[in-house]
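For reference, the structure discussed in these notes is given below.
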Amino acid sequence: MSEKASFRSNGGVRGWYGRQPAWVQWIVIAIALVLAFLLPYAGDIPLIGPQIVTEGIDWPSALFNMSYYVLLALGLNVVVGYAGLLDLGYVGFFAVGAYGTALLTSPDSVLYADTGWKWLMAVPVALALTMVAGLILGWPTLRLRGDYLAIVTLGFAEIIRIFATSTTTLRGDRGFASIPHPPGTWNGEPIFGVTDAVPYFWLGLVVIILVILGVRNLDRSRVGRSWLAIREDEEAAEIMGVRTIKYKLWAFAIGAFIGGLGGVLFAGEQGFINSQTFVLQFSILVLAGVVMGGSGNMAGAILGGALISYIPDRLRGISLGDTDLYEYRFALFGLVIIIIMVLRPQGLIPSRRRAMELKDREKEVAPQ
Amino acid sequence: MDFSGLIDNFGPLTVTGLAQGAIIALFALGYTLVYGVLRLINFAHSEVFLMGTYACLIVWGFFGLDQNSAAPSVGGMLLYLVIGLVVAIIASGVTALAVEVVAYRPLRRRNAPPLAFLITAIGASLFISELTGVLTHRNQRGVPPIIQAKPLFTIGDTTVTNLQLLIIVLALVMMFVLDRFINGSRLGRGIRAVSQNPDSAALMGVNKSRVIALVFLLGGLMAGIAAVMYDLKIGVTRYDAGFLLGIDAFAAAVLGGIGNLRGALLGGLLLGVLQNYAAGLFGSQWLHAASFVLLVVILLFRPTGLLGESLGRARA
Amino acid sequence: MLLEVDHVTLRFGGVVALNDVSFSLRKGEIFGLIGPNGAGKTTCFNAMTGVYRPTSGTIRFQGESVVGKKKHEITRGGIARTFQNVRLFPEMTALENVMVGADAHHKTSVISALFRLPRFWQEEKSGRARSLELLRFVGIAHRAGDVSRNLSYGEQRRLEIARALATNPTLLCLDEPAAGFNPAEKEELLQLIRKIRDTGVTVLLIEHDMRLVMGVTDRIVVLEFGKKIAEGTPAEVRDNPAVVAAYLGVPTDAA
Amino acid sequence: MLLEIDNVTLAYGRIQALHGISLTVGEGEVVALIGANGAGKSTTMRAISGLRPVSQGTIKFDGQDITKLRADLRVIRGVSQSPEGRGIFPGMTVRENLEMGAYTRRNRTEINEDLQRAFTLFPRLKEREKQTGGTLSGGEQQMLAVGRALMSRPKLLLLDEPSMGLAPMLIQQIFDIIVEINQQGTTVLLVEQNAQQALSRAHRAYVLETGRIVKEGTGRELLNDPAVKDAYLGVA
Amino acid sequence: NSGSSSDDTASEGNCGYKLAFFGALTGSAANLGVNIEQGFELAIDQYNKAKGSTCIEVAKFDSQGEASVAPGVARSLVADKKILGIVGPPFSGESEAADPIFESAGIPTITPSATRVSLASKGWKVFHRAVANDDAQGPAAAAYIKDNLKAQKVFVADDQSAYGAGLADVVKSTLGSLVVQSDKTEGDGKQADFSALVQKVSSSGATALFYGGYYTNAGIIRKQLTAAGWKGTLVGGDGMKDPGLSKASGVAAAVGTIVTCPCSPPEAAGGTFVNDYKAKWNQDAGTYSDVAFDAANIFLQGIDAGNNTPQKLNDYLKTVNYKGIANTYKFTETGELDPSLIKVWAFKFDNSGDSKADVEIKTS
C-alpha cells in the first residue's frame, strides 16, 4: 500500500533488520563497527580465524588494502551505481590523490623546497585537486552517454597514467619516495610506522565510516533522487526540472573526492608511489567489485570492494598439489566473477530496488 | 616536439599506420557488432582476438614452423597463410561463441541488467587471458616468418611492403563483405532489428538467440583475421596482446560511432595513422595518449562518434 | 498573454514540421491543439519545452523568450509537460517520480543534504506530502509505492500528469493524455483537467478525442502539415469546413 | 477454433496480471477484447504472441499447443501482432520497417504487392517512405505498426489499440481496414478502448476486468449490455 | 655430518633459521625474479645437503615485482622472526617500497640486481648491493658501442622504466655527439607496435641502437627492425640479458645483439655452479642467478660464523670479504659493492639463442 510497505516486505536478514525498532538497529550497527575494528585480530579466533586471514601477505596490510579498495568502490558506486555514469577510468582519481600528496610532501618532488609538507597538510589540497580533476573529466563528457562516456573515462585515466610515466615532474617509474606517514605518536612511538599496518587500517575504517554517512545522506535526498532520475531517463529528468549537468558534475566530483581519499591514504601508507600502480586493470577491477557487490547499494559496494582485494590476497600461499594457486589468482578470480554474476546478476547485496527489478524481470523472460 | 621526426618519415609512418589501423579496424568490428545488437561492450572480445593470435601459431607449429624457421616458398607461404587464417578464424569464432554461451546467455535468460553483462565479460576476459598467461609462463611467443616483408612498390620515398598491402586490402575487403551482409541480407536485417527493438524483432519472426550468436560469430571471424595479421605484423604475441590492442580497437569503434561498421573502419585507420604521427612528432611514448586525446576531442564535437550509430537506434 | 508562439517555423532536413505558426494562450484557459497525424503538434510542444529549437520565430512565455533556454530552466520557469510516449523513471516508485518533479523548486543543496541541515528536513517533508497529495489528486495514491514500470498504461499516464503538476507549473502541456483510455476513463480525465485548471493552471492539450477536446477546451488551434488552418472556440472550429475536411471527416458517433 | 486460450495466468514479478482467462477465436472471426486500464488486455496479447511467458494454462493455435513456443516461431505459424506502444524500429526507414514485417516470407513479388497495399492503405507512409521510424509522429508510427503487422500475411492478427493516437478521420478508416482484412480471410483479435467502434465491427467480444474475463457475447449483445454501456461506452 | 667448520657445536646451534627471498615469482616480471630465487635456493640447498639436515630454511615472498604489493608482503616477511637475512628485492621500484620496512625491522638485505643508484643513498643500514649500479653499467655500454662496435651514429631509446631510462640517460651523455636521435617507448606490456620507432631508427642512419629496457620489448623491437631491413646492432643492459629476447625475435634476428651486465659470465662462475644449477632446475642459470647464489652464501657463511640474529648478521656484512663464484664481495659504508670489485661484461647473442660472454668492459 504505502511506499514503506512494499519496499520493506522483504524476507531474509534485511527483512528482519528492517522490521526492528530503531534501538535494535543501532545496537546491530554498533556491534558491526566494533567487530570491524577488531578485524586485525581475526587470526586469534579459534578454528575459523586462520581460515580467514591471509597467508602470503601480512593480514593487517591486507586489511588496509581492502580499506582503500572499499573506499574506491564506494566512490565509484556514486558515479556508476547512483548517477549511472559508466566510468572505466576511476583509478585516475586515485592517482590524482596519491600524486597530489606525493608532490606536496615527497623530497623527490619539485615542489618540495616550497612545501615539504606533512601528510596531513597535503590532504586537503590533494583532495581539492581530485575534485577539480573530477570536474575536468566531467565537463567535456557531460554530453556523452553510456559507452561513449566509458571509453572517454578510460582514456582519461590512461592519459593520467601516461603523463605520470612520461613527464619528469611526475617522475614516472622512478616515483616519489619518502612520502611522510600520517601524524601522531603513542608512547613516544609514531602511531603510523612502517611495520605495523593496523593503525592504517583503522584510519581507513574511520574514513570509510565518514564516507558512508555522507553518501547515505546524499542518496536519501533530492540529490540521490536526481541521480536516479538521470540514470533512468536523462532527457525526461531535465524536462522535469532536474539540473542534469549540475548533478552529473557533483557525481563526478564526489566520486573523485572519495577516490582521492583512497589515493591519499595509499600514499601515506606506502611512502612510495610510482606510475606502475595506476594501471587500467585497477579501474576495471574496482568496477567489477562494485557491480559484483551490488551496484547502487553501499553495503554491496563495500562487500565487492573488499572482495576484489581480499580474494587474490587470500589465494596467496594456498597450494593445490604442487601448484601455488596464487599464480592462478586472476584466472580464478575471473571465474569467480562469472559465477557470482550468473548466480546473482543483481549483485551480492543489491539495493532493494535492483533486487526487485531483477526479480520482476526474471519472470518476464519470454519463452526461448 | 620533433617536427623533422614526423616530416622526414611522413610517408612510411602513414603506411605502417594504415596497416596497424586496418588490424585495429578488423578487431573493432567485433565490438561494434556486439554493441550494435546487445548494447554492451563485449569486454571479452580482446580474448577472442588473443585466441586467434595463438591458434595460428600453434598450427604453424605443427608444420614445424617457429620463429627460427626459414621463410617458406611462395606456395608454402600461401598455404600457411590460408591455413593460419582458417584456424585463427575458427579459434576466435569458437571463443566468441563460448563467451556468449558461458558469460552472456545465462544472464540473458534471467533478463539481467546491462552492467551485469559487462562484468561477466570482464570476468571471462580475465579468465582467458590470465589462464593463457599462466600456461605460457607469461612468455612471449615469436611468430614464424610466414611472410617475409618485401618492398612491393615505392611512392616517393615511401615503400609499401607486400605485408602492409595484404593487411590493408584484406581489411577493406572484409569490411565490404560484412557491410553488404548486414545491410543487404535478410539475416543482416534481422541483426539490425534485434539491435533496435528486440521485442518487436521477435514479433517479426526474428530468432533473437540465433542473431546474437551470429553476431558474436561474425565478430570472432573478423578478430581471427585481425589476429593473423597482427601476428605477421608485430611478430610476437603474449597473453596480454588482446587487452593491449583491445583498448585501441574499442577506442576506434567508439571514434567511428560504436555500432557503425564503416565507423569502425574509419576509426581504426584514423587511430593507426594518428598514433604513428604522434609517435613521430612527440615520441613513441605518447602514442596512446595522442589517440585518447583525439578521441576526447572528436567526441566533444560529435558525441556519437564520427559517423554516428547506424545499427543502433536513432531516437529513444 | 501567458504564452506566445510567434511565427515559428521548424524544419527537419526536408520536412517542414511547423510552418510559420502563431498563436497565443491566455492565463487560466484550457487550450486545445489538434490536427491530423504528423501535423506538428508534438513538435510544437518540443519547441516550447526546449527539446527542439525553432528554425525561425520565437516563443515567449510570460513575456520572456524560451528559445535557447535549457530544458530545466523552462520547467522551473513554469512550463510542465507529459509525453506522447510515456516517459517515466521506470525503476522509481510512483511517489519518487512525483518527488523528482517536486524537487524542481526545492533549494536543498548538496551541502545541506550532506549535513542534513534544516532546509533538507523541511523540504523533504513538504515535498513528500505534496507528492502524495498529487497522487491522490490524479487517483493513483494506492500505487505510490510501486515502481512505475509496473503500472498499467493508463496509470502511467496519470502518474505523468502528477509528476508534471509537481513542478508547480503555470502552464501544463498534455500530449494525448487520453490515448488508451476508455470513454468512462476519458470522462474522469476531463474532470481532472478541469480540476487542474481550477487550481489556476493553464492547460495546453493535444488530443485526438473530439468529445474530450470539445468538452473541455476554451479555445482551439488546428494544425495541418505544420500550418495553422483554424483557430477559435470549439464550436467555431467544429463547423469550420477546412477542419472538417482535413481532420474530423464525416462526423461519426464520437464527434 | 484457430486460437484457444485455456485458463491462462500471468504475472509481472509480484503483480498478477491475468488470473486464469479462457477465450477462443474462431477462424475468420473478428473478436474484440475490451476493458479498463490495467485490466490485462495487452498482457493477454503478449501471452498470445509469446513476448511474455505464462505461468499457467495453455494456448493452442491451429490445434497445436504453442504455450512454450518462442515468439519468432509463432510468427512463422501465422500469428502477428501490432504491439502496444507501436514497437517500430526507430533506426530503420519506413520501408525497411515494413519489410521487416515480411521477414519470415521469401516471395519477393508477393512482398512487393503487400508493400504497395500498405502504402495504399496509409498514403502517409508512402510520403514518409525514406524517413527513419523514430522521427515519425505518434500517429504515423501507429500506422506503420499496423501496416507492418499486415506484412506477414498472418492467419491471426493481434491488434493492440490500433486506433490509439490516430486522428478521428483515420480512426474511421482503420476500422474499415480491419473489416476489409478480415473479409480477405485474416482472423483478427482486437484490443480497443474505442469500444463503440470495436464492438460494432466485431463478431464476438470479451470484457476483461482486473485480469478476469467477466463477460462475453456477440458484439451486438455487448453493445446493448447496460453494464458495458455504463463502464466502457461512456454516457453518449 | 662432519662439517667443514672447526666449530661444530656452534653451527649446530645456528640451525633452525630462515633466509628469505623477496621478489617477483609471479606476474609479468617473474622471469628475472625466478632466476634469482633459483640461484638463492640452490645455495641453501647445497648448504643443507652439506649439513645433512634442513638447517636453514628457504622462505619465499612473492612481491610480483610491484611497488604497490611489496609493503604488505614485506610486513609479512618481517613478522617471521626466524628470518635472518633477505636476498632481494630484485627490482629497484619495489625496493623503494619494501626496504624501509626491512630497515625498520633491521633485517639485512642483499640485492643481486636492483641497480638504481639512489637506493644506496637513503641511509638504509640494511641495504647491500652485490652488483654495480647503473652509473657503472651505462658508461660501460657506451664504451662498448664506441670502442668495440665503432659506431658513428647511435640511436638511443628507452622504455621509461626507472631502470631503462636511467641507463639510457647515462649512455646518452657518455656518447655525446655520437647520438643522432633518441626516442622513448611505453613500458613492458603497454606497447607492441614499434613501427614508429623502427622507422625513425632506419631513417636516422644509425648503425647501433641502445635500448634501455627489458628483453620483452627488446625482442619485439629487434624483430621489427630486422623485418624493416635495418642491419645495425641492438645494444642493451642487464634487463635485456635473457634468452627470451631471441625467443621473441627469432635467433637469426637476435644474433649479434649486445647486452651488458654488471656481472660476470655465469659459465665462468667457479666450481660446479653451472652444472649444479642445470641439474637442479633443469634450465640454464639466468641473469643474476650466480649473484643470488653468492648472496645467499654470504649470509650462510655469516650464520655459520655464529651471527644468528639479523642485527649480528647485518654487522657481519660490514666486514665481509667473500670470494664467490661470480665475484668477490666487499661492501662500502652505504652498502654498495666496493668500487674496486665492480665488473661489467658485454655479452653477445649467438646462434644458440642465448648471450655468451664477449668481453669484460674496462671503462676509464
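By written order: A, B, C, D and E. Residues from 1 in each chain.
Everything below uses one rule, namely that a contact is a pair of C-beta atoms (placed from the backbone, for glycine too) under 8 Å apart; a residue touches a chain by one contact, two chains touch by 3 or more.
Because the structure is predicted, anything quoted here is derived from the model rather than measured.
Shared contacts of chain A and chain E, meaning chains that touch the two of them, come down to B. The chain with its C-alpha centre at the largest distance from the centre of chain C is E. In terms of their C-alpha centroids, the spacing between chain C and chain D amounts to 29 Å. With centres set at the average Cα position, the gap from chain A to chain C is 42 Å. Chain D has its Cα centroid 50 Å from the Cα centroid of chain A. Note on chain placement: the centre of chain C and the centre of chain E lie 75 Å apart, centres being C-alpha means.
In chain D, the residues that reach two or more other chains under the touch definition are 12-13, 50-51, 70-71, 135.
Listed for chain E are residues 160, 184, 186, each touching two or more other chains. Residues of chain A found to touch two or more other chains are 162, 165-166, 233, 235, 327, 356-357, 360-361, 364-366, 368.
Of all the residues in chain E, the ones that touch chain A in their complex are 26, 61-62, 66-69, 71-76, 78-79, 93, 96-97, 100-101, 103-105, 116, 118, 122, 160-163, 165-166, 184, 186-187. Of all the residues in chain D, the ones that touch chain B in their complex are 49-51, 70-73, 75-76, 80-81, 83, 87-92, 96, 99-101, 103-104, 132, 134-135, 148-149, 152.
Chain contact summary for the complex, chain B toward chain D: residues 186, 189-190, 192-193, 195-197, 199-208, 309-316. Of all residues in chain A, those touching chain E in their complex are 54-62, 64-65, 162, 165-166, 172-175, 177-178, 193-197, 266, 269-274, 276-277, 313, 316, 324, 326-327. Listing the residues of chain B that touch chain E in their complex gives 5, 8-9, 12-13, 16-17, 20, 67-68, 133, 137-142, 145, 149, 233-236, 238, 240-241, 244-245, 275-276, 279-280, 283-285, 287-288.
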